[in-house]
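Sending over a structure as structure tokens; questions will come in a sec.
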Amino acid sequence: MKELPVRTEGAFAKRTNPLAHVFDEFVRFCRSHSLFMLHYCTGCGAIELPPAMTSRFDMERLGIQPMVTPRQADILLVTGYVSVKTLKRIILTYEQMPAPKYVIGICSCTVNGGMYWQSYATAKVLADYLPVDLYIAGCMPRPEAVVSGMRKLMGLIKTGKAESWKDYYRRYDHYLGNQQALFGERWQTPTDVLGEAQQYGLHGPETEGEHTALLQQVQQPLIPHRMRLK
Amino acid sequence: MTLLDGLWLASALTALAAGLFGRSPSAGPWLTALYGVQFLLVAFMGPLAYGADPVPASPAFSVLGYGLSWQFTALSWFFAVITAGAALAAAWFMSGAWGRHYAEQGGDLRLLQLALALNPSTMYVLLASRDFLSLFVGWELVSWASFVLMLAAGGVGVRWALRYLVYAIGGAMAVMAAMVLSHALTGSFEFGALAAVVPDLSAGTLWSLVILLSGGFGVKMGLLPFHLWQAGAYAETPGPGSAFLGAISSRMGLYAMLLTLFGVLGLGTLKALSIPWTPLEAHELLAWIAAFTIVLPTFTALKQNDARWLLAWHGIGQGGYMLMGVAMGDALASAGGLMHVFNHATYQAALFMAVTAVVYRTGTADLNKLGGLVTRMPLTFLVLLVGIIGLAGLPPMNGFVSKWLIYRALIDDGQPLLFVAAVVGTLGTIVSVYKLLHNIFLGQLRVEHESVREVPGSMLAPMLALSLIVFVTGLAPGLVLDWLTTVQRELGLAVLAPTLGGVERPDGGLDMLWVVGILFAGFGVGALIFLAGGRARTVHQLDNYAGGHFLTAEVRYHYSDNFYAGLMHRIGPWYRGSFQWLQDSVVAATDLLAQAAAGVYRVVQPAAWLLGVTVLALWWVAA
Amino acid sequence: MTLPPLEIVLYTGAVSLLIIGLAGLVMGDNLVRLVLALAVAEAGVNLLLVLSGFRQGAFAPILLEGRVPGPMVDPIPQALVLTAIVIGVGVQALALALVLRVRRAYGTVEMRTLRARLHEDLDAAAGLPPETSRNAPAVERPA
Amino acid sequence: MNFVVLAVALPLLAGFLTPALGRSSRALAQWLGWGTLAVCIGVLWVAWARLDGGTVAIAIGGFRPPLGIVFYLDAVALLFGLAVPLMALLLWPREGTPQQFALTLVLTASATGLALSGDIFNLYVFYELTAAASFGLIAGRGTGAAQGAALRYLLLSAAGSVLLLAGITIVYLRTGTLNLAHLATLAPERLQDPVGLAAFALMLIGLGVKGELFPVNGWVPEVYGSVSGRLAGLLAGLVSKLAVLVVVRILVLIFPQPEAAQLMLVLGMLGIVAGELAAWRARDLRRQFAFSSIGQLGIVFVAFSVPGEAGIVAGLAVALHHLLVKPALFLLAERWGGSIEGLRGAGRGHWLASGLFILFALSLVGLPPLPGFWAKLLTVMGLMGLGTGLAWLGALTVMAATVVEAAYLFRTLSVLLAREAGYTSPGPHRGLDLVTASLAGLVLVGSVFALHPLGDGLKAMAAQAADVQGYIRTVLGDRAVARRGQREDRISEAHPASRGSDRPMGRADRAYGWPAGSPTRGARS
Amino acid sequence: MMALIVELVLMPAVAFVVGLAMLLMMRKIAAKIQRRVGPPFFQPLYDVVKFFGKQTQISHGLIHDVGIIVAVGGYIAAETLIPVPGMTGIADRTDVITLIYFLMVPSLGMALAAGQCANPNASIGISRALTAMLAYDIPFVIVIFGMSWMYGTTNLVQMVEYQQAHGWGLFQAPLLAFAGLFALQGMLGKQPFEIYVAPAEIATGPMVEMGGKYLGSLIVMQSFSLYTAGILYTTLFLGGGVTWIDFLVKAFLVVAIPMTIAFQFPRYRAEQMLGSLWKWPVLAGLLGLAVVMWS
């Protein structure tokens, strides 16, 4: 009952409608069967995706479709090694995706840096910076592995276990700390993560800390333009 | 002292007051009140629109043995009510903050007020004319009054005003030729005298009259190929002035055409005049000119990068719909054409005001230097939105009704090409006005415009009032169509039988009450669907997908220049200044001739000319 | 219409003088010569005028006491010609005076130069650069 | 009524006195001039009052016409006669020398004579005298440009005089008389042939030099560009009109052939085109007005070329309008010298001058109800009433010229009133200039309120001027009228279409109008 | 009156269901042509539910929301103007010209929404979408004119009656029917005329900033548009429907044709799109018009 996704958690407690459960199940089912992925082709793993999508393996029969903007996507596929510069973009893109959102790391490079272990310019462990739901290891993983990973993710979603996006809000300070360590103190993204955390009721004890304090010092907050008559 | 005298007096008083006190911005509200009096006086003449007897003017002159007399009829009233309304709105708009701002910017407020006041007062004279002489007098007065208004801003406007002047005088001369021709035929300047001899006239004479009258009045309407002056002249006039000019000024041409071509010669005559070796008749020729006037200026508007120019070009194009409707001449089409005059006046004035409001706040009308203002000037945005929906002729605004009437008539008459031209014009308008809206109000808000505020009430009120009229007459077009039946009767056209919502016909009518109802029901269902989703979180404009790039306020992230690149790639070369070329070559030819003329006076031996001309004269005499 | 041979000669001569004078006026360049050409033309036309009253074999129109010796020539043209000659001489004198003045002002007695200097002067008085941009119209073309 | 001669004699006399008087006192000379002009005005005014719409012929020196020299007084003659001293007074060369006063007086005398004279040769004499006086006035300014312009003008004008004299000679050869009235009786018989026409052509071109007829108006820009605004106004406004008046007299009385009018129409049209277009390109105000005056005179010629009363009404209207407006404009241009481009903002601050300019420009372009409009309307109506192709072309030319006129006049105005000030003014307009121009403006505006009586007056005047019979009757008595009447009858039997003012004219007339056996063809004295 | 309100509620409901089915058909056709299995039967439903069930809904301001509502609402209003078996009340009160205009409303709504997103990709997309509208509407209005002229009415109900009495428009004016089909291809925004979406270049153009219920609404809109296009063509050329079964069969067939064509084509550039839509269908339309008007 806890993870009913369409409402914020605070709202769920008040719900008394018994059908709500059915409804939420239905929504989760739909969600798992309609996965739009943003394949962020950072490295060689990207080459395995076209066969996975086209006639041989046809991911569309699972309801999985490629999408081109983070706004439309549910899954962020990071397909290979992540250089520091790329990571900034990945984080920006991730934060722009609407929740619930899932991150899949493909290839060994996203797991531990892989063959770029010794590279000074490469982020080694993706999960340090983003909450990764699923790794598909391999160098590179075959389309079968990708499809299999996807099915696994679908299962996780259906059962409500793919919740790592909440983790990003709950432990934002941790992720931000790692990001700041890599990108410097003046790092900021346009998305107001703290505000979103408040809004979704995911603002936990670890959401804020020294890193967010630093962020609040340096960042220029982007307050949306509201319509005003005066 | 009839109501018409009162109207003239009131408008003259307004002009006088504007001339005396116009310099002070605080005179604005008082002048607006005077315009209100004018409007009321016109409104009191309202029974005209429901078939009351014409209202004569007391003064009547006689010059060189020819009488001049004036009176208001339903046709005059219909145009007068638009004039009075437009003038009132324009005066209201400039009565407060805008006028002060204009004066502070170094503008000559007195001149502007005076020029604006002169326009309606001369128009009332023109609208009341009932013979060729008074028509011409009124015509010239109106031309010069708008010239003064165009001059008011100085700067670039002067160039355009001068260009306008050349065109206007040319047109006036054509009218004069027609008038004198009519005099040569009948020995008098009375409309009735000409109407009486029309059946006996040869086709050649009739053609001369038709061409001279439609050409002369067409200049004012900006009919092709006499349209090149209008956009610049209207656009470069100070805001409220351009709102007034754009709303009604060029429609005086239509009025005069209605009065002479349709009132005097008669639609029957035009229909009987066929063009040799073609299946076309005179009224169809007019409709074709109108069709080209719709299409070319509309697509020229598409190319504009200045909001005022864009609107002004559309003003020319929309004139084509009016003429097309009137020229087709059946009940539906003429009602549509006439109603478009009203509709166009309402939304065009609102649009020009909205753009002026933007200029007032941002200092520019350059479509490449604006953007995102919707959050800062939402009411102005609303006005502009209503206006462009009207201009594009989409439901539920009033522009849709008039266009529907014209389209329906074109289908009835079996005029596929005109129909397509009209629709192409509408499509071009939609495409073009979206650019206007998008480049000003949507997209990225520039840093320098973050502190922009909504315009003050004195400017908002007339705009909103006009928008309301645009919507209400769209919802219940019968209000206006009722007037037009009287006008149609006066002009001897087929008479429409309107309902409150439009027209009832078994084979496809129009009931705007239903149309609007269905549309809003659709929106309601759409809203239900939309609202089924959760609450949305508004984000800053820079929280935006840019292929992963980080956006900053310094980055210009608004697609505005060459907005329809693909379209222009295809059709741009089709109409690259062909009429400009025509105009330029006429000017160049004149210039060449002028050089030759000046050369005559630079000759070393002027006696050579003497000898030459003597020999020539003697030779001619001997021959 | 037939004219006596003498009159033909005289008329032809007069008209020729007129034409010669006018042609000289057109073709000449020297101002003095132009004045002379003018004098020739005037002479021609005066001759023409006086010829109009001419009758072959007639007497001068002098009224003698009681005696009319025969047909008289028409006296009116003679009176007119007298006036015309006077006027012509006056104008020529004025012209010559002006030639002198012009020579003093511009130092030339050539029509071509006079025209050039005169137009330069006029342009200068009008604040225009001398003949450099004659193709540019005033202000801007009212296109 | 013989006292009218004083209007010519007095200024002539005073003109000869003035230089002598001026030697001792310039002021006295000036006062003498003013006094003389005032007396002239008085004389002509009394004549106008006594005449009361009638016509009178005055035989000078007691010889009866056709032998004696006559002054013919009708409304038109007196109106222009009255205009001469009036304008001379208004445009008096205030800063001039006594010699210039004298020349002005002589000009006044001769111009009055030009307006009143009823004898061709006398006209020639007055014409030459006017010319001589104006040469003197032009050259009197003393600058090289003025002298050069005067010389060039003189040569042209003298050549024109030669042609005029030649024309007169032909007329005399054919008719044996020079009295206009007598000529009018004889003309139908003796001058209705190519030779007569040739005489007219020669006279037209000869008189056209002063009347700014195309193309013999090469002097106009040079002279007007080099003399003072007052003199330019006098020449453009008055002298040119008088030359035209003479042409019209000759045309109406002696040469009613359609071809004669046609010649005038064609040359007038060309004049309009050339003048207006040249004005369009002109780059300084003075010469712009000069060219514009060529154009306006072209319109005058075109208007007068319409046969009959309609043409005279129109021509008079245009001529009088121009007479009023152009001198005033020249006065305004006095302080706005230099190139037009350099006048940016010059009109700002001088609102009276600018306002007058606007008024005159509007009237010239023809904004109803200003008089210029009615004049133009009458012209176009007259032309289009004829219905021939050439007349249509003429009407079109007049109307097209209006467009060009509006273009350049208002372009100039826009420069004068431009916001950006880059112009250093040589000072405001002289008070007197402004007063004079304002006077013209007042008359212009006033005439708007008196359009009806003015129109009637013009019509009556034109009727009188077009009345050939009346002219003959006044000068020669009733018998002569009867004679001419008989002749006309004969002619109209032979060629019914040749007379009458409202018939169309065209090449067809010329081609078929004069059968070889016509009794008028070979008529000679 | 009551009946009309019922129609107003029922027709969108039917349209929604049928539209989603058409959407599925579209994807299935694409899959079959590409020798894939394609999505499961309820895939469109899953997508819609997922989008509406998103936790985060990103809005760029009021106009963003309003634009979407107008876009969806415009098509809903438009499809109620077309008579379907048993429900002709609303269609009888309006006519085909109003319908053309209603069909332009969604474009404007979408344009408003996309414009407010402040994303240049969206603006470029909209500029191309409006260009596309300019392209396909010209042959479309020629067709509308021709059919109105032929049937002697602009009332769609009467058009259906005429066809049921005198035979289908398809057989009476085949050239116009061809032009209409061509225009349909553009109207549905499918290949080769889908330059305004162009995912690879401008990131799906107008939709670039749309996620959650915004994109969900647009999917709904697309289903409405498929339905509208299908039944409009059916009404104009295929004699409408006597019963729902034959009506829907025709409508699905109509939609299937452009879909089948679409997935065999690459994408045209904007000017190529204009060129092809202004050349062949206009030519065919004008010829058809000539045949209709002079026979």
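Letters A, B, C, D and E name the chains as they come in the text, with residue numbers starting at 1 for each one.
Operating definition for what follows: a contact is a pair of C-beta atoms (placed from the backbone, for glycine too) under 8 Å apart; a residue touches a chain by one contact, two chains touch by 3 or more.
Remember, predicted model here, so these are calculated numbers, not experimental data.
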Provide the labels of all chains in contact with subunit C and in contact with subunit D. B
Via touching chains, subunit A connects to subunit D in a minimum step count of 2
Enter the minimum step count from subunit B to subunit C; a value of 1 means the two chains touch. 1
Of all chains, the one whose CA centroid lies most distant from that of subunit C is A
Central subunit by CA centre of mass proxy: B
Counting C-beta pairs in contact, which two chains come out on top? B-E
Express in whole angstrom the distance between the two chain centres, defined as the mean CA positions of subunit A and subunit B. 56
Taking each chain's centre as the mean of its CA atoms, how far is subunit B from subunit E in angstrom? 35
Length of the line joining the C-alpha centres of subunit B and subunit D, rounded to whole Å: 45
Could you say which residues in subunit E touch two or more other chains, in rising order? 53-58, 61-62, 203, 208-209, 212
Touching at least 2 other chains, the residues of subunit A are 6, 69-71, 96, 196, 224-225, 227
Two or more partner chains touched - positions in subunit B: 162, 166, 372, 374-375, 378, 445, 534, 537-539, 541, 543-545, 591, 594-595, 607, 610-611, 614
Can you give me every chain pair that touches, using the contact definition above? A-B, A-E, B-C, B-D, B-E, C-D
Of subunit C, residues touching subunit B in the complex: 22-23, 25-27, 111-112, 115, 119, 135, 137, 140-143
Going by the contact rule set out above, which residues of subunit D touch subunit C in the complex? 121, 124-125, 128-129, 131-132, 135-136, 139, 143-145, 147-152, 154-155, 158-159, 161-162, 165-166, 168-169, 172-173, 176, 178, 221-222, 225-226, 280-284, 286-288, 337-342, 407-408, 411-412, 415, 522, 524
Residue positions on subunit A within touch of subunit E in the complex are 5-6, 26-27, 29-31, 33-34, 54-55, 58, 60-61, 63, 67-74, 96-100, 196, 200, 224-225, 227
Contact set on subunit A toward subunit B in their complex: 6-7, 69-71, 88-90, 92-93, 96, 189-192, 196, 199, 222-230
In the complex with subunit D, residue positions of subunit B that touch it: 61-65, 106, 136-137, 140-141, 144, 147, 151, 154-155, 158, 161-162, 165-166, 169-170, 173-174, 176-177, 180-181, 183-184, 590-591, 593-595, 597-598, 600-601, 603, 606-607, 609-614, 617-618, 620-622
